[in-house]
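What follows are several structures.
Two complexes are shown next, each including chain A; its partner changes from chain B in the first to chain C in the second.
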Partner chain A sequence: MHAYLNAAGLISPQRTFENDFSCTLNTQGAAILPAIEPDYKGLINPVQLRRMSRILKLGTAAAQLCINNAGGRQPDAIIVGTGLACVNDLEVFLKSVIETDEQGVSSIPFINSLHNTVAAQVARTLKIQSYNNTHCHRGASFENALLDALMLLHEKEHRQILVGGIDEFSRHYYNLLTTKVTSGEGAGFFLLSDLPAGENSVKISAVRTFYAPGEDFIPRFLAEQHTPVHHLDAALLGMNGAPGDDALYRRLIDCLFPPGTPLITYKHLCGEYPTSSAFALALAARAIAAGAFPPPAILRPGKPATPHKVLIYNHYQNCNHTLILVEKAGLM
Partner chain B sequence: MKDNKSSPAVYITGAGMASALGISLEETLRALRGQKTGIGPITLFDTKLKHIPAGEVKCSDEELLDRAGIRSERDTYSRTALLGLIAAQEAMRMSQSVVDKQRISLASATTTGGMNFHEKNAPAIFAGTMPGKYVTLLDCADAAQKIARHFGISNNITTVSTACSSSANAIIVGARMIKTGLADKVLAGGADALTRFALNGFNTLGILSPDGCRPFDARRDGISLGEGAAYLVLESAAVVKPENILGRLSGYANTNEAYHQTASSPEGEGATLAIRKALETAGLCPADIDYINAHGTGTVINDLSEGRAIEKVFGAAVPPVSSTKGYTGHTLAAAGAAEAIISLLAIRHNLLFPNLRFTAQMPELSFTPQTALKEQAPVNHILSNSFGFGGSNSSLIFSRH
Partner chain C sequence: MEKTTLVEQLKTQIIEALLLEDLTPADIDPAAPLFVEGLGLDSIDALELILLLEKQYGLRVEDPKERRDALQSVNAMADYILSHTKNEG
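Up next, the complex of A and B:
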């Protein structure tokens, strides 16, 4: 199962909504990286815009950016991955239930708190009546949405799938975390198809999600994909600065990737959030198309070749592990 | 009946359920046969909405912990996770096949996730003083991760959350994992505990019935919420043992009405599309369907919209229809899987379950729901509808094997 990624729209803490992937914004030492939001007026109908919660604006605008970058091509299915979904609206509603002892609750935050709100809004905006799904599975939410899309394309009933990964920063949630790392947020939408659409298309060759897997799941995955590790032109690693989390990536750097494999990190650019792999995928797709990763993302430069084949590896608290293999379209 | 040979079959070899009707298929079937509703007064937690009846699983969290066999870290289980575990355990016990762990996946569903835990610990959460180890109990993935850990499932674990159609969509994802060859065995279903959050949320929309839901009745006045969990075991032809087959998932469709966030269109356009597409994937025509287990929430809007969709697809020959939400209440993310299991019980035992509390014909509809228990009914193909906020319309078709 595979898919061609033919367009992307990304709202992130970098100026990616303008298709600027230079990632030059200095983010060092920040506790929270808020998304840089575009002027929504050009992307969302003003009547709808007034009624939208922030995550709905982020999601609808990123979906529209993706459609614009695809030259207006419409999807025939919509799949969203979101770890915490509309967590801020959920907190508002819960707070009103608890603090007013159920006396002062209003329907709007309840409606806005539903996890499939973004996918539903995008369907209404684009008037897409076919397949619509939302995966909410912590650090594997976006990858599960991608896998769902790969299955749909494999079944040949749908040919243009709009897949998104979206999460917004939640102060409440952040306050509860024991390990504080730079937190981020973002909305990335991608138009996936069974055929490449142009020279900037990249191929998603495989997506896998694992829960508490054994030691050797990455070599096993690469073997299944007939990709010896020295064929990788880069590894994108979800290092987030927490010593416990990063230890796993460091072990891979020591044991799996040869010294020539360039290593790329991205969470210092977008922050940690459950669907940060959407940022990583957009970054990888752009680097494959442009022939290089932006310097701020490079942890360890390697062989000078342009990136053709790239592995994205992320884990969430050493519990959910995800792998995405991306390569230049047409490369076998 | 036409058999759709072009697409790999998805067999059902296990089923487990916990709801207001009881814990286990046996208790569920007994209540269904006895036409006993599980909807009644709220007893397990405090709420200002105590006057509104709901379908509770009549076990405290402590009892559920014991039934799920949890001995350590008992403070880290939300009610949703416990209900899910209990239903999943029954389903996996029933399905006896031995399948390579690498070929087993999990497609779970929830809408409230750990909200039950969230509510109990709200002061500490809002003050930021809740110990960090409980943070993961709050999100949607928690129940699925606990189920996965219990059974040692590690590949392709997901949680679907599409409001009230969630577990129907999880079953569809699971079926497609099998059809595309990603897995040979998938545990698929959903779980939701009753919460003050959901009670108040639906109450703000003015769609909770003050005295118990009466689907497809002219005097229907809203939903009765419920809680519960239901899981199916889906298997591929490669691993299934014929003697274990409970039925087949022969058709499905996931569509979106793209009409309104919380209301379905009066003409039931989205529901019509879902039912037609499900028939198409099953390779069946409307006349092949012997019974429709309707979404039938008991709201003014849903039942009219769904009723019209049924009339559009089935014309003058509408098969027996009932909503079993009068038994269980609306179990939100668990509803699709719970009604899938009720459909399988209908197929296995040749039964048609009545639509409880029906008294008055809806003037807008030509058909009347099934009001009496029917035994020795030949039931070969069942359509089960699940619709949700966000315009989510899903239909499943279950067939006798």
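Up next, the complex of A and C:
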């Protein structure tokens, strides 16, 4: 199963909503990296905008950016991955339930508090009246959405699928975390198809999720994809600065990736959040299309001048481990 | 309460309840229809307005026809509030 990524729209703590992936904004030492938001009035109908909470605005605008970048192509289906969904709005709703003693609760906080609200709102805005699904699987939510899309394309049920990964910073969730790392947020939407749309299309060759995997799951995954490690032009790693979390990546750097393989990191640019791999996918797709990763993302430079085949490896709190293999469309 | 005072109060409450952040009370024509034309409100807004009448004025509008009439415009809302609070008094 594979898919072609033909367009992306990303709102993140970098200026990616302007399709600027230089990632030059200095995020050193920040505890929280808030998303840089566009002027929503240019992307969302003002009548719809007034009732939207922040995460809805982030998601709907990122989806619209993706469609704009795709030249207005209409998706047949929408699939969203989110770890925390509309948790901030859920807090507002539950608070109103308590304050009103369950009598006369306003409908807007309820509508905005549901896990599938973002997908529903995007579908309403873009008039997607077919398949609509939201996956909530902690740190593998976005990858599950991708897998769903790959299966739909494989079964030829749909030809153009809008896939998103979205999470918003939550102060309460952050306070509950035992290991504090730089927290982020973002909304990334991708238009996937069974056919490439142009020379900037990127092929998603494989997506795999693991829960508490054994030692050699990455070599086994690469063997299944007939991709020896030395064929990788870059490894994009989800290092987040926490010594415990990063130890797993360090072990891979020491044991798996030869010195010539460039190593790229991204969470110092977007922060840690359950669907941060959507940022990684957008970064990898842009690097493959542009021929280079932005210098602030490079942890260890390597030999290949242009990245054609990239492995994205992320783990979330050492529970959800995910792999995405992306490559230039047309590579054999 | 005088109807003119009540109308101005309702405009402020409607802006707050329906998150009409770009509007001021002066922008709302009290005689204009609230739905489709005028403010262009929809069914979710109707729920919020029913809730507003209940929370702010203690009025439960359960009959669908009565509800439709009461939510025609800001003036109609004010008339409904005045007639029902007077009756109770």
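FYI, the second predicted complex is superposed on the first by the 321 of 332 C-alpha atoms of A that agree within 3 Å, B and C clash if a C-alpha of one lies under 4 Å from a C-alpha of the other, contacts with A are read in each partner's own complex, and residues count from 1 in each chain.
In this section, contacts are C-beta pairs under 8 Å (C-beta built on N, C-alpha and C of every residue); 3 or more make two chains touch, one makes a residue touch a chain.
Fair warning: this is a prediction, and the values are worked out from it, not measured in the lab.
Using the contact criterion defined above for the overlaid structures, shared-chain residue A:Thr16 touches neither chain B nor chain C, since it reaches no partner.
Within the superposed three-chain model, A:Ile128 lies in touch with chain B and out of touch with chain C [touch as defined at top]. By the touch criterion stated above, A:Ser276 is placed in contact with neither chain B nor chain C. In the superposed model, A:Ser53 lies in contact with neither chain B nor chain C. Looking at the shared chain after the overlay, A:His154 reaches chain B, while chain C stays out of its contact range. In the superposition on chain A, the chain among chain B and chain C reaching more residues of chain A is B. Of the two partner chains, chain C is the only one that A:Gly104 touches; chain B does not reach it.
Of the two partner chains, chain B is the only one touched by A:Leu114; chain C is not.
In the superposition on chain A, the residues of chain A touched by chain B in one structure and by chain C in the other are 106-107, 111. Residues 47-49, 111, 113, 115, 118-119, 122-123, 125-126, 128, 130-136, 138-141, 144-145, 148-149, 153-163, 169, 173, 176-177, 179-180, 182, 196-197, 200-201, 203-205, 254-262, 270, 273, 388-392 of chain B touch chain A in their complex.
In the complex of the two chains, the chain A residues touching chain C come out as 46-47, 50-51, 104, 106-108, 111. Touching chain A in their complex are the following residues of chain C: 17-22, 40, 44, 47-48, 51, 54-55.
Those residues of chain A lying in contact with chain B across their complex are 1, 78, 83-85, 93-95, 97-98, 101-103, 105-107, 110-111, 113-117, 119-121, 123-124, 126-138, 140-141, 144, 147-148, 151-152, 154-155, 172-173, 175-179, 208-214, 317, 319-320.
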